[in-house]
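Some structures are shown below for you to check.
Below, chain A partners chain B and then partners chain C, in two separate complexes.
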Partner chain A sequence: MTHAFLPHRRSVLTGLAGTAAMAAFAPQAFSQTSARLVVVGGGFGGATAARFLKTYLPNASVTLIEPNAAYHACPFSNLVIAGLRDIEAQRFGYDSLRAAGIEVVAQRAIDVDPARRTVSLEGGGEAVYDKLVLSPGIDIRWGALEGYDEAAAEVMPHAWKAGPQTTLLRQQLEAMEDGGLVVMSAPAAPFRCPPGPYERASLIAHYLKTQKPNAKLLILDAKDVFSKKPLFLEAWAEHYPEHLEWRGAADFGRVVSVDPASMTLSTDFEDIQADVANVIPPQKAGEIAERAGVADETGWCPINGLDFSSPLQKDIHVIGDATIAAPMPKSAFSANLQGKLCAMQIARILSGLEPQATVLANTCYSYVTPDAAVSITGVYGNEGGTPTSKEGAGGLSPEGAPGDVRQAEAAQAEAWFQTITAEVFGG
Partner chain B sequence: MRQRRTAAFLTSLVAGGLFLAACDAGPEAAAPESGPPDSGADAPASTKAEDAEGHPTLQRPAALALSCSGCHATAGEAIPSLESQTQATLEEKLTAYRTETDGTTVMHRLMRGYSEADIAAISAYIAGEADQ
Partner chain C sequence: MTIRIAAPDTAKKGEVIEIKALIQHPMETGYRSDSKGKEIPRDIITEFECSYDGETVFAANFFPAIAANPFLTFYTKATTSGTLEFTWTDQDGESWSETHDLTVE
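So, the complex of A and B:
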């Protein structure tokens, strides 16, 4: 067998294929492709794609390139910021993927050569691929918001990649005096997790209301319209009238520059000094997408919605937040589903079949209090390679719904997180 | 050919190793050692296509069901398990979601995006009663 990861030429685990317990499926040639499949990024998209590629094509060598020994999930990290959840509950390792026969390489991919079909690794090695799946998530467009660079993020955390940034924002909120002002800057679309800033705002407001009743949160927004807006406005009016204020673009809410030294966020109208500043900055596809030549001038990656292949480079597929897949949102749900579908389509392609159109769903829950949540759903077709919303389907939780509907969705959110993280990382 | 599978199918996908066993293809494929990348074409496409065509995990019902397994585990209260549900029960429930106009759950909003044929296919697939 050939191996994707050249420097060590270690054998991928083949032993698992030894049991014929459920041989009903035995699809001979179909499962025998020895293709070298490389996935970059072990988040919701990439870890899913790797797992399902190995499932569909057990004899292929599947290599997952991810620099971090453990992944910190963003979904539910807003609960950590509000002091309602331990960061450890967000942490997932890669042992279960290894046990499934996937070679996990703990390195950063630094370049892709589509002509030679190689991925170069930070440590100096190279991985050769027949098919490459990129799921690098987002990177921050440093400097796109004046004053917001990597050093500024240590003072005014974005916490839009989970991990140390999440903990930093949590610590700052804890250390803040009662009576302080928390300012959140929310970006223009497109960005990771459209309802995420507003879930976070709700939970920070809950923290302030219960722990620092004289403090306040101000959201400065580059937009006038945002995801689940009527539901958030309803919840904020009910739960946080004294603790949360949202200012949209029409009210000069758009932040045009920040100054970490003075903790100032400036709009076209005024300079606001914050005690804690959470700057959710403009974003783009993870940098490796640019290196691979699969990002366009927008900084995001166009895809063929049938199989998530890149129209810009042969044999490269892109999934998750890095893609332009609208109306599918940049969500963990979408990244996971795209990972599964992309793996299935690659299995079809390598088996001599055409990719096939299907129907895709998305569901995102957002907490508005620690035990009440609202949801947005969507259903999409991908005929002809263009994701399109199914008319009359999807949409928001009902406005004005009784408490038990909100509580039921909070319980469902929790169940979703457990199930999806088990599907991706093993549980 | 009629394949009988249990709803544990979703679980076996989750626990990749199990399903790996299910997909056992016997002896390892004789792959060319190294050489230039060639899209893994180690068997004539036609043979592979024939085998794959008949393989339920790569067909439309399976593709439709990919949207289910991120939320529905084998055990569950807040989100019900799909385990041990017959095709008829699933189809009835999914169709009811689609037609109940005053429903408040995500499933009510989601199922409006699926045709009757898709609902039948998903139900059959998850219940393990799909005709190939």
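So, the complex of A and C:
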């Protein structure tokens, strides 16, 4: 290397470090603490938090507690259901996190004692923490929809946690005869991935249209409005007029009970028999949140939006789908950013600095056909601890846009998935 | 206005039956503006009544705070075979009705 390039490089670095954002994220600003930092849950939120805690606080001991040897990503899993993607493409291991110096404990966290600052593990052990980050995702509220329990989910899959449920729904769609009726039950808000049911419906309708042209999908919805609704309605009218019907609450679409034995979904006014039933049930924060005492009576976790600390328990932060962070949605993008934010603020707190207000964002892409997508973007502030939307920032894909706009967004969706999974789980 | 009623066709004498009634109606409060800032006029249903064999068994007054597509679930005791008549009346006196025949064994 020649000397000629060095002054130039140095000046670039100086310039960047001079910006407020870089100063805040620069690791040398933080203490050399050897604090014990424990993260529960190895999804987008937890894996991100663990990675960035180790980045900001390299001398801290960072432990990630996650019972599964690999994570199955929910984003893009609707493509698996439609037969357009292999489930293996959704699978991500933790080797790269181990290589980064994070201790990955392959056990289930079963309880938290906030007074003793310990997490107890299914195998009998215990992890002691100075700061705990919970990223437990969602659990199903079994029984909240009459007739829908764990046994029912083996007959009428929810496929709202990626993995065996995803494969089960895919197999059922494949086994269904042409002419069959697929019924999806969509829940009332809040739930994981607000546009998810409608992306899934689009892709199932595509599968039916191309492989089982006499079959049909009926969406029974507990709501009248949903994320990106005008864009989905437009795509459905264009691509699936014969294969997809959506019935909102005003059209008597709310499912009040299911009977897996007879494959029946009942609204207040009608019993509908399905050949394949995808029941997306009511949800709550992952169970460990309740045990740690960070979930409130809604079943979800209130947070201080500044650092995602729990107002209910000291030294515990909660990130991702489990939180009440509206207007930020329950999405992988949000969880990833919350993981980074939470890690940075913990680093600041442990370095004797105050948490700092930041700008947050979210983009959700949804496929409406295998090569066309629409998106919604939000930008948020967290001054004073309450996440708020930045008026005039973000927005939806335009209605009535030509096909190449939708195709460009599908390419962006693919790029987004590769980028986020490479950042969180390693390339 | 689309109306949906869910009630049993038959019941035993003395049995308590569940009745569900939904009408599609915007229940516009009069407090909202459209995208051009123009006030959207109030348009609400103000009264609901269910009669059973000519006798009122359930009635309700609706106000602007009632959501769009008002949905009611209520109960009555099956006494005699007869007609359940459901009537919704709006602020201008316009009304919509639906009937359901119940056979008591």
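The rule is short, and it goes like this: the second predicted complex is superposed on the first by the 397 of 427 C-alpha atoms of A that agree within 3 Å, B and C clash if a C-alpha of one lies under 4 Å from a C-alpha of the other, contacts with A are read in each partner's own complex, and residues count from 1 in each chain.
As a working rule, a residue touches a chain if its C-beta (ideal position, glycine included) is under 8 Å from a C-beta of that chain, and two chains touch if they have at least 3 such contacts.
Keep in mind that this is a model prediction, so the values were computed, not measured.
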item: First (chain B), second (chain C), both or neither touched by A:Ala60; value: first
item: First, second, both or neither for A:Lys340, with chain B first and chain C second; value: first
item: First, second, both or neither for A:Tyr129, with chain B first and chain C second; value: first
item: Contacts of A:Ala249 with chain B and chain C, given as first, second, both or neither; value: second
item: Touch count on chain A, higher of chain B and chain C; value: B
item: Which of chain B and chain C A:Asp268 touches, first, second, both or neither; value: second
item: Chain A contact footprint on chain B (complex, rising order); value: 3, 5, 12-26, 28-29, 31-35, 37-40, 42-43, 45-49, 51-55, 57-60, 62-64, 66-67, 69-73, 76-79, 104-106, 109-114, 118
item: Chain A to chain B touching residues, read off their complex; value: 1-2, 14, 16-36, 51-52, 54-56, 58-60, 96-97, 99-101, 117, 128-131, 315, 333, 336-337, 340-341, 344, 347-348, 350-353, 356, 358-361, 363, 375, 377, 379-380, 390, 392-395, 397-398, 401, 405, 408-409, 411-412, 414-416, 418-420, 422-423, 426-427
item: Contacting residues of chain A [partner chain C, same complex]; value: 224, 249-252, 268-269
item: Parts of chain C lying in touch with chain A, wherever the complex brings them together; value: 4-6, 20, 22, 24, 68-69, 71, 73
